[in-house]
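In what follows, a structure is listed as structure tokens, so that the remarks can point back to it.
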Amino acid sequence: MILPLFPLSHILLGLAAIAWKASARATLIVGLIVDMALVAIAFSPAAPWLSSTVAGGWTDAIGIRLALDSLALDLILLTILLELAVIIYLWRQHLRPSFVILLQFLVGAVMALVLTQDLFNIYVILELLTLVSFLLVAYDRRTFQIWASLKYLILASVGMSIFLLGVAVAYTNVGSLGLAALQRAVAENPQASWIPLAAALLVSGVSVKAGILTFSLWLPDAHSAAPAAISAFLSGLVIKMGVVVLIRLAGVFPLALVLQILGAITGIGGAIYAMASKDLKRMLAFHTLSQIGYLLIGMGVANEAAAKGVLAYALAHGSFKALLFLAAGAACDVIGSTEITELARARHRIPLRTRAALLLGTLAIVGLPPFDGYIAKAPLLNAAHGWANQIILLLLGIGTAASFAKLLPLFKGPYRRVGNDPAWESYIVLALPIVLFLPIERALFGPASVLPAMDWVIAAESVAVVATGWLVHQICRRLSFRPSESLFRLEPGMFAILLGFVAIYLLLRLG
Amino acid sequence: MKRIVRTALAIALSLAACGIVIFNLPISEGATHQNDMTRLATETGAPNLVSAIYLGARLYDTLFEVLVFTVAVIGVRFYLLRRPSTARATPIPESHVLQASAQILYPLTLILGLYLALFGHLSPGGGFSGGVVAASGLLLCVMSIGAETIYRRLSGAGIERLEWALPMVIVAVCVLPVVFTRPILSNSLPVGQAGHVFGSPSILLLNILIGLKVLIGSWMVLYAFILYRGEI
Amino acid sequence: MISRAVLLLLLPVIAGVSLFQRRRLSAVIGMGLFSLVLAATYLLHSAPDVAVTEAAIGAALVTVIYVLAIRRTGRLLVVGDEVPGLLALEGGEFVGVEVDILAGFARRLGLDLSIQIAPLGDVEAILLHSDADLGAGGLSSEPPARLHRSREHLPTALVRLRPQADDRPTPQESPTTDRCEYSGYFSDLVEAFQRNELIETTLDMARFLAVSRTDISSWRVDRLSTPRGYAFIAAPRRRGLRDQLSAYIDELERDGSLDDMIRRHLP
Amino acid sequence: MGWLGGTTVAMILFAIGTTALIVRRDLVIKLLALGLVNSSGILFLISIRFQPKMEAPILPAKVGIPIADPLPQALVLSAIVINFAILALSLVFVMLLVERYHSTDCARIEHAVETEKATLGSQNLAADPSGADAQEAIP
């Protein structure tokens, strides 16, 4: 019954921040407290009325159903974590009220999206997310930000139009917009001719928002152009909103093959571009793509363990990617450049804590044993059956390690104390789940935890993958291979969306 | 040459995408949920079923839509007005005929907007369209007496404060039922006689609030565009 | 039934025609009309609420903000390509001789000067088909019939560039080489030079001087004989504007400020 | 005339919109094409369940005559407003870009942005000077 309060509280607070400009910062804290209180209620045993509800108590056929399932809870926890980190990161900076407002709306929209079970509601909230992140990316009003942001809006809007077509097709045949009704209809008659069409429209529409390659060609520009705190939010959280919708759709339509193929393309494409990228923030943005590839393959495998792995990995990726973006933003601000070689040359001027945070993020993202990247990847590796999946996951791991090997010079000495990173507390907040992922997960989910205990075979495998990645980096460094960046312009982006839709449709029809 | 190839490719792909949908179109099944709909009409007291859904069963969507609109207003103002003003807000038309006809038309347009907002639950219309129509009435007003004058009069009325306060009130109205132990986003005011203006007070209230909000928001967007002298 | 079919057929026609207009204003107004027809279509699909909303938002509000954004009342709209010294973009500001002339001219007319960059080869077509007033940016050749050429403000000449290896005699001026041959953006020209992508081309003096700052030792340079001058071009119905501009340039020349401008921008 | 449904026309509009979005280089026209693409989705949603001779969904309906499904109509109201928000905001951004680059040619702007980024290094680019010291617009 109080589920709508998750998003509505943030929206109210955002509006309050406009009305009382002076206390704009305070609303951020209040929002955090409200979220924590609501989550606490959700965990309390005396809350059976919290799990699933139709907003406003209307009937299921026309109303909007909200549900707090494990996926939603997982992402709400991630939201709270990132909110906390970003608030700390921004706290000592001058915060304009309009920024706070947009941030609150962003969090509100995220909360709404993870809860909703209704196709059209998903459309509306995705549009809200698009508009808010559109404004946030270009917040500093630099021209490249404005262009990246405009490109994002145009492509995302075309994608959402395609999604709306899919909603229309689904609604006509099901007679309701709820995901549950849709699932029933598909299960009753899996051979119906409208299913491939609806699935192709919905999936290709939402893929534009989900950071999936050949659909989301706007992503590298937008995520690398945004201010650091916003990049952390976008890469850690907002991009997952598309993935959340895909997870929901994967529960309805038979998408296993499509997701695995998209996952392979996304992961490997992202890794290749990340290896070739010389710009730190851009490399991180490409890595968002390659990590989305992990999630998609996990979803495509479609068994219980993999699904749990996906949840864990979404959480883990959010924490270390946000850490990397925040630390990278701080480092680039100090040096005044985003070039990796430039940063490495001037590494003595980067505060030690920032470098430590970057190192921790790197270790986590390449999947070295004690950290959460490894812990969350392990169940995926375990569950992904089939040699194709295994090879792709292996290649992905190697690509990740190879591209992050570029950062190694950054961590060499001298280790003198220079400057003071004003936002180091936010690193601590994000470092906690990275280091203590297993205990935290256990504490939250009890004995039904998603993760297996330490597995020596997989641990050894991970170390081997990282070592291979380092070798690959040493080899590739001598090649001057630069994949074309002109792929990420507006017109190729449009082509890719249309082409992707046709391809997905044919795949679903024939496969 | 490259351009021709690109054009051909664009046309071919667009047609392929459009063809896929056209040739797989489902056969329409006709209206369902007739029962749900009539029940909805009696529960909300609004004979206009679109309004009953828009502000009743799917109020949650509408809330986010109002928010999208608010974000647009914030964005337009933030990016257009934060610049050294080269503004010389002159009335738009040069011809006296236009000016004179604007003077006659604007009260009519304002009244039409008011009607659409107030009777949205009985006849076609609603807060959103009412607000926008009223805003275009204000635009006609600009044509006859100039933007600056209107801006000064309206900001005297605290219009900007209202623009931010109204969405808050709307969200609050939606959350309020929880105080009376009714579900959030339900219509909490008692339903009156169907077909009457006050037949569904909740929807009427929301229509008025949204209409006012949209009127002010559209006016702010229009004013930002009037002030801006860019170089497109 | 029939009216619905007619409206439905009308929709793609209006949309197609208006989206492939050259003039932005026509396109905007066309799409406004499209919205209106769309609203009527909704009405015939028994969706009066949607029709009202579409008419109010799509046809009125959106069209109005687009028209407000691209309106050109009180503006002197100039199109032209960049040419260093004459009309160049430096850090978001235009500088150059032609810019100074145009700015003064616009001030005299009480208009805001608004300059848009377009490829050299497109300037004449834009003047013919859109709502720009003047063409600028190192135009040295005679325009097509309906456009009006102003008084020349700066003498120039054409230069033929060939690879050093080409040892044919100096080419004579011919109908094919009587204008600056490069028709794209100036910035693209410079890049093409740096990447050695050009084979053989004719440039006017200002462009040549700008290009010659890069390495042109591998090129054979011939100056074509006929002297010519830079001038502005006015759009078809802007003959009066052209005359005013010519008079203004005369005036500038008489009081010596034209020479000042040239000395300031073209050392 | 069965083939001439609103859905067919909507998809044709979609194709026109995407084609124009790719082919036209003028940013303002690209935005208009984007509006067309969005409108096509709306027309599709309205007409997909519509059958001739349906009445508007306002009670009391005449006996024996079916009413059009009000749910898509209610959805579409939201979609139209969202469409407006997108068009207004993107127009503002196009205006900012044109102010900086004095051109509405998409390819040129794209090229200029890329070279600017490459030559200056993304961090050192100055923010829009007009925005830095102007006062906060939102009251």
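Order of writing sets the chain letters: A, B, C and D. Residues in each chain are counted from 1.
In this text, a contact is a pair of C-beta atoms (placed from the backbone, for glycine too) under 8 Å apart; a residue touches a chain by one contact, two chains touch by 3 or more.
Here the structure is a predicted model, which means the values were calculated and not measured.
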item: Which of B-D and B-C has more C-beta contact pairs; value: B-D
item: Innermost chain, taking as reference the mean of every protein Cα atom displayed; value: D
item: Geometric centre distance via CA averages, chain C-chain B, whole Å; value: 38
item: Distance from the mean Cα position of chain C to that of chain A, given in whole angstrom; value: 44
item: CA centroid of chain B to CA centroid of chain D, Å; value: 16
item: Inter-centroid spacing, chain D versus chain C (mean Cα positions, whole Å); value: 28
item: Set of chain D residues in contact with two or more other chains; value: 5, 12, 14, 16, 18, 22, 28, 42, 48-50, 54, 56-58, 67-68, 71, 73-75, 77-78, 81-82, 84-85, 88-89, 93-96, 98-102, 104, 131, 136, 138
item: Residues within chain A bordering two or more other chains; value: 18, 62, 98, 101, 120, 124, 127, 131, 134-135, 138, 141, 165, 169, 172, 491, 494-495, 498
item: Numbers and ranges of chain B residues touching at least 2 other chains; value: 6, 10, 13-14, 17, 21, 26, 28-29, 32-33, 48, 50, 53-54, 58, 61, 64-65, 68, 71-72, 74-75, 78-79, 123-124, 126, 128, 161, 164, 221, 228, 230-232
item: Contact pairs between chains, per stated definition; value: A-B, A-D, B-C, B-D, C-D
item: Of all residues in chain D, those that touch chain B in their complex; value: 5, 7-8, 11-12, 14-16, 18-19, 22-23, 28, 48-51, 54, 56-60, 66-71, 73-75, 77-78, 81-82, 84-85, 88-89, 92-96, 98-99, 102, 104, 130-131, 134-139
item: Contact footprint of chain D on chain A as seen in their complex; value: 18, 21, 62, 96-98, 101, 120, 123-124, 127, 130-131, 134-135, 138, 140-144, 146-147, 149-150, 153-154, 157-158, 161-162, 164-165, 167-169, 171-172, 177, 224-225, 279, 281, 332-333, 335-339, 342, 485, 489-491, 494-495, 498
item: Residue ranges of chain C in contact with chain D within the complex; value: 1, 4-5, 8-9, 11-12, 15-16, 18-21, 24, 27-28, 31, 34-35, 38, 41-42, 45-50, 53-54, 57-58, 61-62, 65-66, 69-70, 89, 92, 94, 115-118, 185, 187
item: Touching residues (chain side chain B, partner chain D) in the complex; value: 6-7, 10-11, 13-15, 17-18, 21-22, 25-26, 28-33, 37-38, 41, 47-50, 52-54, 58, 61-62, 64-65, 68-69, 71-72, 74-84, 122-124, 126, 128, 160-161, 164, 221, 228, 230-232
item: Contact footprint of chain C on chain B as seen in their complex; value: 48, 50-51, 54, 86, 88, 90, 92, 94, 116, 123-126, 128-129, 132-133, 135-136, 139, 218, 221-222, 225-226, 228-232
